[in-house]
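Quick heads-up: structures coming right below.
Two complexes come next, and they have one chain in common, subunit A, joined by subunit B in the first and subunit C in the second.
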Partner chain A sequence: MKHQILSRPAASVAKLKMDDGESLTCEVGAMIAMTTGFEVETTTRKKGAKGGGLGKALKRMFAGESLFLNHFTATNNGQSLIIGPRMLGDVLHFPLTGGSLIVQGSSWMASDTDIEIDATWQGFGKALFSGESIFWLKCSGEGDLFLSSFGAIYEVEVDGEHVVDTGHIVAFEDTLQFNVTKAGTSLIGSFLGGEGLVCRFSGHGRLFCQSHNPPGFGKALGPKLKPR
Partner chain B sequence: MHDETFFTGGVFHESIEGGRSGAQIELGHDRVQAVTGDGERFFVQYSECQVDIGGYNDRMVFCRNEDRSLTIFCEDRKYPAALAYAAGGLLDEQLQERRQKLKSQNRRGHGMVLGVLVGAVVLIVGAYYGIQAAGVAAVKAVPVSVDEQIGQYSYESMDPGGAELHDEVVVAAIHEMVDRLAPHAALPDLKFEVHIIQASQINAFCLPGGVIVVYTGLIEAAEQPEQVAGVLAHEMAHATQRHGLQRISQSLGIAAAANLLIGDVEGILVLGSELFQLASINSYSRGQEGDADAEGVRMMHAAALDPLSMAQFFEIMKEQAGNLPAQLTWISTHPDHDARIISIREQMGTLPPQDYQTLDLDWEDVQSRIEKKADE
Partner chain C sequence: MIEFSCPSCSKKYRVKDDVAGKKARCKECGAPMPVPDVAAATSEAAAGMDAGSSEVLTGSTPHFDYEISQRPDFALISINLEEGQKIFAEPSAMASMTPTVTLKAGFKGGLGKTLGRALGGESMIINTFTADNGPGEVTFAAGATGDAARYTLTGNSLMLQRGAFMLHSEGVEVSGKWQGAKGFFNGEGLVLLKASGDGEIFFNSYGAILSVDVTEEYIVDTGYVVAFEDTLNYNISVLPGLRGGSKLKTLFFGGEGWVCRFSGQGKVWIQTRHVQSFLSWANPYRPSTSR
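Up next is the complex of A and B:
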């Protein structure tokens, strides 16, 4: 499978070239266009997985994804599939080579059928205050992973500590640890400064952040909309 | 036993493309070794190993070499014990220290979550009481004439549930009670207006501004006129303490309180009257009922009427409760009469001595006139 990310970063889509027998699992609604040589299957479980489908699907739902998954399998060589995110933003291609990537609930867009996707609980503090979904998706295995964001995605190589505002995390490598903490030295000062709580990452690994966060955008836009 | 020596994990090293790779971890007798999918081998001697615990799930164990150029990591639950065993005690101290550090970090995290949650609860509770206090403060700033207008407007537009009784003797008896109590009211300028309604329900209520409605059922149920005076004192206290306006300002929220303060009385008048007609007649809060009891007792005592009569009336209501449940409206909107009897008696114990005097009324005559009217 070959890929190309087009129109970065504000209106990105991923264009994939797939040969006979190659498969991709996508979130519901991700497909924008495709050639006719694809077999499309909709299930609640990962393609080829045995058991645990509904439980995992429900956990995935809590992580901000859909109950169902779409599997696209090319039935001829040279097939083309274009997938894109719902929000205006970037698409990131991440080649997983063993290990795991922890993905913010709604950022997972598509992955190789060999990649295992499971929801992971990060504790009450992170669930309540990280500004992300209650559950996170743990993607592990080997293969291509496509993630989406709101705004542009930028990568940070963390070796030590790094601070990101809540709501701006797309994904991070499993070797990183993060805690939700106050932005400044005083909690009240942190809130008055508009930053409130932040996510403090520590360890060694790559962190992917998004330039904008959807709740912040919603808050800014909401008052300007005309009531229906 | 920790005889497991192979685990799945990963390795960080600059010679690997992308700097990181998944790897098979092997615990040897003097070193931890990582073999990547491409067959590349990396190792860290136990003697130079710097241990750390972290990762997304707080249980990934990292082994670094002295210059930190190589890191081998694994998140398997059995790995820490197997590593400690394989290293023959060399890494025990480091592992223990890292675990302690992680624990205290988590404790701090939990403390912060708890702190924020407690803070949120305090804010919500504070806002609730703040709004109530703002309502009370706003009511104090509003002239009493607003209470009177709301009371009049409400009474004129409501159906009291029976015809008004104009019998001279009955009206005079109730007026005598009100006249005895009124000089001791907390709001001396408030003019009380009593309406006696012919209906069997044992009920009385007070609208804002001192409009009091007494049902003939209540007069008939009372054994002594002082018992009716006790109920009237309680109802008059609702008016003098302006509970009606407080209910309105609390029900309509802080915006109404602000409106009252800036003088938008007209809108509040209409809204408040509607509120009273629709659902809130007699529906004062528990706290307001307690306050009205205490103020009623004070007024009775000051007027040289025995406040125990109020408690006696509750007891009559209690006795009749089994026989006439549907008609005990006054009691049903005033719950916990046992507790109220106790608190009235307690309050009486704190009052200075007083020479209580009975009302000079022919109570049997008053009650018989009501019966006659009912028969007509």
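Up next is the complex of A and C:
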């Protein structure tokens, strides 16, 4: 599978060239356009897996993803598929080589069908206060992983400690640990400063952040919209 | 970071920049492999694919000279008119202009074409910009953030999605075209816009525009179609290649809904974002009425 990220950074899409038998699992609704040599399958579980799908699917739903996954399998050589996220923002290609990447629930867009996607529970405190979804998706195995962001994506090489505002995390390598703490020295000060709670990462590994915070934008936009 | 794969077993590696050009041995198959330098690694990943572009598009036509800049996120179209030349635009598309240009609003193309445009999601009014008092420049930008593209009509027709029309030169007519039963399913409206004649047409998108040359068949999600040449046939269907029984499942749960299946020879323009999916993301943030 060959890939290319087009029209970066605000309107990014991933264009994939796939040969016979290669297959990709996508978030529901990610497909924009494609050639005709694909077989498409919608399931609640990993392609080819037998049973045990529903629990994972439910967890995925809590992670801000859909209950369902779409699997695109090329039935011919030289097929092309274009996938893109919902929001204005960038697409990140991450080649997984055996390790694990923890992805913020709504940032996952697509991955090689060989990659195991499991929603992980990060503990009650972390879940409640991290401001994002309760679950994170743990992607492990070998293959290509495509993530999306709201705004631009930037990478931080963490060696020691790093602090990120909760809404700005896209993904991080599982060699990193994190806990949720207040941003300033006092709790009230943190909230008055508008930063609220932050994630404090420690260890050694790569961390991907997004420049903009989707709930932040939503809250700014909300009051200006017609009531439901 | 350099990403590359082993030439013999294609296991993928990610290494630090400072080992570029050094020799290494593959952990998987033991074959010797050179670590490429940064530039080579990047071009390998992009091999065999056309790039999406942010380049400024310029050109001259018999009607005027144009430039499309700030692509693909905030496309701005500048039209340079010689004295007496005209350009026709949808209302409120104009961003700025020199004082030599006069603007006249009006219906164009008679009642049938005007109503057709209205059904195609456009305004009934078309603004005419004329360089009456010497050469002038008019700049245009669409309502949504996104890209813009240009197409030259030579007696053929271009079909445009609702709301995609921006500008046209003299010699072009824009009207609505009833899509029949197909329209019910495409989710975007029953009427597409049809531009025909001899001249230039500019259209816009939400997100970037990618153009695809269709030679046999091509599938696009209905929400992402911006325009297509009328040499292409299309029909609305669910995703193909589904096994029996799973068609309905993908339609209702797969989120891809209906797709446009193009066939024949011609060009399709697709946009990389869909306003509707942004709106459905924003919807939960709307205040709720407490009644």
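Quick notes
Just so we're on the same page, the second predicted complex is superposed on the first by the 225 of 228 C-alpha atoms of A that agree within 3 Å, B and C clash if a C-alpha of one lies under 4 Å from a C-alpha of the other, contacts with A are read in each partner's own complex, and residues count from 1 in each chain.
Criterion: a residue touches a chain if its C-beta (ideal position, glycine included) is under 8 Å from a C-beta of that chain, and two chains touch if they have at least 3 such contacts.
Just so it is clear, the model here is predicted, and its values are computed rather than measured.
Using the contact criterion defined above for the overlaid structures, shared-chain residue A:E142 touches subunit B and also reaches subunit C. Look at A:E161: by the touch rule set out above, it reaches neither subunit B nor subunit C. Residue contacts after overlaying the shared chain place A:R228 against subunit C, while subunit B stays out of touching range. When the two complexes are overlaid on their common chain A, residue A:T97 makes contact with subunit B and with subunit C alike. In the superposition on chain A, A:K17 contacts subunit C only, with no contact to subunit B. After superposition on the shared chain, subunit A has more residues touched by C, the comparison being subunit B against subunit C.
With both structures placed on the common chain, the touch criterion links A:G203 to subunit B but leaves subunit C unconnected. In the superposed model, A:V28 makes contact with subunit C only, not with subunit B. In the superposition on chain A, the residues of subunit A touched by subunit B in one structure and by subunit C in the other are 95, 97, 142.
Note for the complex: subunit A touches subunit C at residues 2-4, 6-8, 10-13, 15, 17, 28-29, 31-42, 66-68, 70, 75, 82, 84, 86-88, 95, 97, 142, 214, 218-219, 221-223, 225-228. Taken together, the subunit B residues at the contact with subunit A in this complex read 8, 10, 12, 18, 20-23, 37, 52, 54-58, 60, 62, 71, 73, 75, 105, 109-110, 112-113, 115-116. The touching residues of subunit A, when paired with subunit B in their complex, are 95, 97-100, 102, 120, 122-125, 128-129, 136, 138, 142, 172-182, 187, 202-205.
For subunit C in complex with subunit A, the touching residues are 3, 11-14, 45-49, 51-54, 72-73, 145-147, 207-208, 210, 212, 216-221, 224, 239-243, 246, 249-250, 253-256, 261, 268, 270, 272-274, 277-278, 280-289.
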